[in-house]
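Next come two complexes, and both contain chain A; in the first it sits with chain B, in the second with chain C.
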Partner chain A sequence: MNRTATIKKKAKWVHKDLLGLEYLSKEDMNLLLDTADSFREILDRPIKKVPALRGKTVVNLFYEPSTRTRVSFEVAAKRLSADVINIATETSSVKKGETLNDTGKNIEALKADIIVVRHNCSGAASMLARHVNISVVNAGDGWHEHPTQGLLDIFTLKKKLGRIEGLNVSIVGDIAHSRVARSNIWGLTKLGAKVMVCAPDILVPSGIEKMGAGITNSIDEALSNADAVNVLRMQFERDEEGVFPQQLEYFKNFGITEDRLKKAKKDIIVMHPGPINRGVEISSEVADGLNSVILEQVTNGIAVRMAVLFWLSQARNKKGKDEDTD
Partner chain B sequence: MKTLIKNGLVIDPVDKIEEIMDVFLSAGKICKVAKDIKTTADVVIDAKDKIVMPGIVDMHVHLREPGREDKETILTGTRSAAKGGVTSVLAMPNTLPAIDCVKNVKILKGIVKKNACIDVFIAGAITHGRLGRELCDFGLFKKEGLLAISDDGTSVDDSGIMLEAFTKAKKEKLLVICHSEDRTLSGKGLVNLGFTSTRLGLRGVSNESESKRVERDIKLAAKVGANVHIAHVSCRESIEMIAGAKKKGIKVTAETAPHYFSLSEEEVLNYNTNMKINPPLRSMDDVKAIKEGLKSGVIDVIASDHAPHTENEKDIEFEYAASGTIGLETGLAVCITELVHTGLLGWSDLVRKVSVNPAKILGIEKGSLGVGSDADVVILSPEKEWMVNKEDFISKSKNSAFLGKRLKGLVEHTICKGKLVYTKTD
Partner chain C sequence: MSFSKKANILTKEEIARAITRISHEILEKNRGSKDLAVIGIRTRGYVLAERIVQSIKSIDGSSLPVGALDITLYRDDLSVVSEQPVIHKTEIDFDIEGKNIILVDDVLYTGRTVRCALDALIDFGRPRAIQLAVLIDRGHRELPVRADYVGKNLPTSQKELVQVKLEEVDEEDSVFIEEAQNE
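And now, the complex of A and B:
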């Protein structure tokens, strides 16, 4: 672990929790990305395990169905030798009416070290973090943020293109209801990329330009100058007001197809946070094509989450030490 | 009981007084306001370096009783009011059950008679159960001595029913207080629409959801010439609407709450549910507009919209948390800090907004230190700084948007009808 030891010496990680990329500095993000880079190699070893989090307990507390993110966190924690406990709402006392705060305090009393929480309410992770002394990782809260997804998208881009600064990144799809879009915009703009969001007007949230993103309704414009396009899933289940375009209409106007990519930069990177709806926001040919990095994103996600869990546990260790000397 | 208040800076805009004087109270009335009053009294209060002003008339208060005694009661709510210098409140009718019939009015009156330490005036509901369908009997309300009607917390969506309400309210000379919110526009919104709602990933509430309904309410009231009062004005567009109506000579009055000129949407950015209020905290531009409206007189009244909620209803996910902040104990200090000490309003202007105007709008003989008036008096230290602490609230609920803030201006004594109902303890 020499590499992490050097990083540790140089770096200053002060956050108890990871709640969103809005709240991280450029330096914080670079530290996580560099650490993820050193962890990425572990995943290709025959024995994919290091002892960094030995004796630590990570609890996945998921109030929304999720396979990808939950499994990714679980794998990440296990690669670092942590113990992992998964709590899904169907099997917990949430069904008996226990509040999120109470559940969190109980998990803390069970001497867990990190809670990874996924919740349908924006701000749920922030609230939980205020109520427990252990670390909280936001694994997606409502429409607010999904910071590890943002980080893994950025990590993947950096791996592919060698830099973030100066890149043109377009995010296409339901921006209004997307936590992935928000985390990407905060993270990418802080690292110097130019972000453009592309969606029908109804799915562009008010004031998004103040987050540093440009706006277009034209998919061709979004693709014309882009080094990468991040294609969001159409979350039809969130369409409570019935304002979403029809699936076919959406595909016609905003779907990422080979024809459209022909007009873009030849080596444009195509990303998608998954799960993909083939033929709705992206064609199968593109999803499985040469420009797609969708499955690399999944692998990189593990490395990024390892980095997050690692630094949060470091911050906690440090905090413990400080308290001892008081 | 005779009380002599010595050497305070007496503020009484009705009699155009703003100078150092003594005030003598006897038998629950103001007896004399003059320099160097020489008389014997049971209590002598030294008010040197202090402000002496009429008790506050807070025309927008949720006392929660009957029905939600876990949030507030007449006993705790009126004691909380006394601590904030408030000697008269208008109790909003969104209790459980709502104050929508004579029986419920009588229940409330019974509790008030037993437990209130200040004057509690009652507003009745506009519609049964505040459901916006069937009008209450305003004639009977009037006989019971009610001053105003309101479905506060919601707006009567059906314009036909609202027009009928204005017509009948005019006949009974009842004030109609409007919670102006078009829910087809505000929907499930939680915070101000714009950068804030987008940043937080929460549904937004547009300024238009308020101003469009303000426009409707004023138009309907004007059509029949009813007295209409717009509650908790929060945004620029509403101010413009009200200013326009006043210019045309329409009988409309308007109120804002301290949080709308002292806090902006930025306060919500950490998902602090004490900042979840309806209408929501708005942009800095709206805050500016509210201040201008207070200065220009478009806004007549500052009222607390005291909205107590239990911790169980507040300390949860933002989306699920109840809306509102308590305000009885902080309102005056927020006004002094944000309006008087900044030079926006003079002391007399402030007293007009918190005492004189609401009394006039409600048609009650309050808000004056004139001889013969009810001896409702506040004595306060205008320069004293204090920190808003959860532990210090008398209110049963602690959901204050001002927790942790430093305010300037502290109530030392509150006297209601000659009786000392609050004295600050150190």
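And now, the complex of A and C:
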């Protein structure tokens, strides 16, 4: 680099891990969103690859089934020239009783640089991060957080509407079991949006209002003033006590349909983290309609995850080195 | 370490003359503006690229495509730089295949930025040729790189810092040298 560029005050990335949007500042999030915006263009090039993470190794450690998130992280790492190793726990030593921390320590001993972990226990990523010196990315831990999904939802909104501050965003569906809802609420409220959650009472967790979100049981109220609606999947597999509403009943009362959207803002943005259940939380017409950005979310997710992997590896590079005081 | 201003190198008028001369040289060497495209290295190389395109337009009336290249992700010192990089967008919205690309930067020094830019450019396709235009060539190359068009050759010591200021980003047009003060 020539040294003529004036060194401006820049946002600094200091985190070893990305565990949740609760732990990031507004500046941290804006740095990731701006970086993702720059990375987005790489995905449309004829050669979709830059050498920024050449020689780094990213390990995907997934204790829960996932296609979208795992593939998205894998693509993101490969676009940055990192090497990627996928561990599906069904075929690993986890089956032989190895603990998460021991698995993490072994991955560290194999000289990997970043672990991307998905686990069905809330707090699993944080625990792993405390036990290893390499970076940990939370790719979803129980009902706690799914920070890259939150960021890609926010990124997609910002791309569509140009801002986050002052937006009204409604999150509809199974809030209680949703890490996506929690990451969205933390991220959106920190960036100045107003968040409203909408679900049957049984699926609204107590204390959610303390995170800064409004609550309603009326889908019409949730849609009436919203600039965007984030539709969550009904996680019937988590209904251990048999208290969830039936699918048809849920669709009738909370499903996002064209009729309901007619009463909302004309250009309301419809998001869904996937996988979608057509005819349960969203109708096919809406999922495939003009308001839907569901597939853009998938593409944007790569750029957001590239930004996360990039900054985590930068933070590691800087460890123990003097900071430039200019 | 701090820096103090040592000498003025180019004024606003001299920068403008250098741009005009480089534009003429580009047209002369390439026998006109056919298949030319100009790509500047962010930030100030891109500003200069836009000025060269304007200048060529006023000479022969052609509107050349102009692009911006961010080379941060291609740097060989990503892991050793002490300040954190800022990543800007690369914006090349034309096909570089078969084009004669004029790559523009403000200062040519070690040659490492140009090496990154060549890698980055070639990821977009296969140009017919790449030529390099710089406002200042200050010497001290660490790689076998040379410029085809130079605004001013400026012998410097490595303790000095060459500052290029351009109106579009710095609110003034000037080039000056600063020297390190040992405290």
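Just so it is clear, the second predicted complex is superposed on the first by the 310 of 326 C-alpha atoms of A that agree within 3 Å, B and C clash if a C-alpha of one lies under 4 Å from a C-alpha of the other, contacts with A are read in each partner's own complex, and residues count from 1 in each chain.
Basically, a contact is a pair of C-beta atoms (placed from the backbone, for glycine too) under 8 Å apart; a residue touches a chain by one contact, two chains touch by 3 or more.
The shown structure was predicted, so the numbers you read here are calculated from the model rather than taken from an experiment.
In the superposed pair of complexes, A:Q246 makes contact with neither chain B nor chain C.
Of the two partner chains placed by the overlay, only chain B lies in contact with A:D141; chain C stays clear of it.
Of the two partner chains placed by the overlay, only chain C lies in contact with A:E41; chain B stays clear of it.
After overlaying the two complexes on the shared chain, residue contacts for A:T99 are found with chain B alone; chain C is out of touch.
Residue contacts after overlaying the shared chain place A:V50 against chain C, while chain B stays out of touching range. In the superposition on chain A, contact is made by A:K12 with chain C only, not with chain B. Between chain B and chain C, C touches the greater number of residues of chain A. Those residues of chain C lying in contact with chain A across their complex are 43-44, 70, 72-75, 77-91, 105-110, 112-113, 119-120, 123-125, 161-164, 170. Per the touch definition, chain A reaches chain B in the complex via residues 22, 99-101, 119, 121-124, 126-127, 141-145, 179, 182, 205-208, 210-211, 240-241. Those residues of chain B whose C-beta lies close enough to touch chain A in the complex are 187-188, 193-202, 204, 270-271, 315-320. Contact residues on chain A toward chain C in their complex (touch as defined above): 1-8, 10, 12-13, 34-35, 37-39, 41-42, 45-47, 49-52, 80, 310, 314, 317-318, 321-324, 326.
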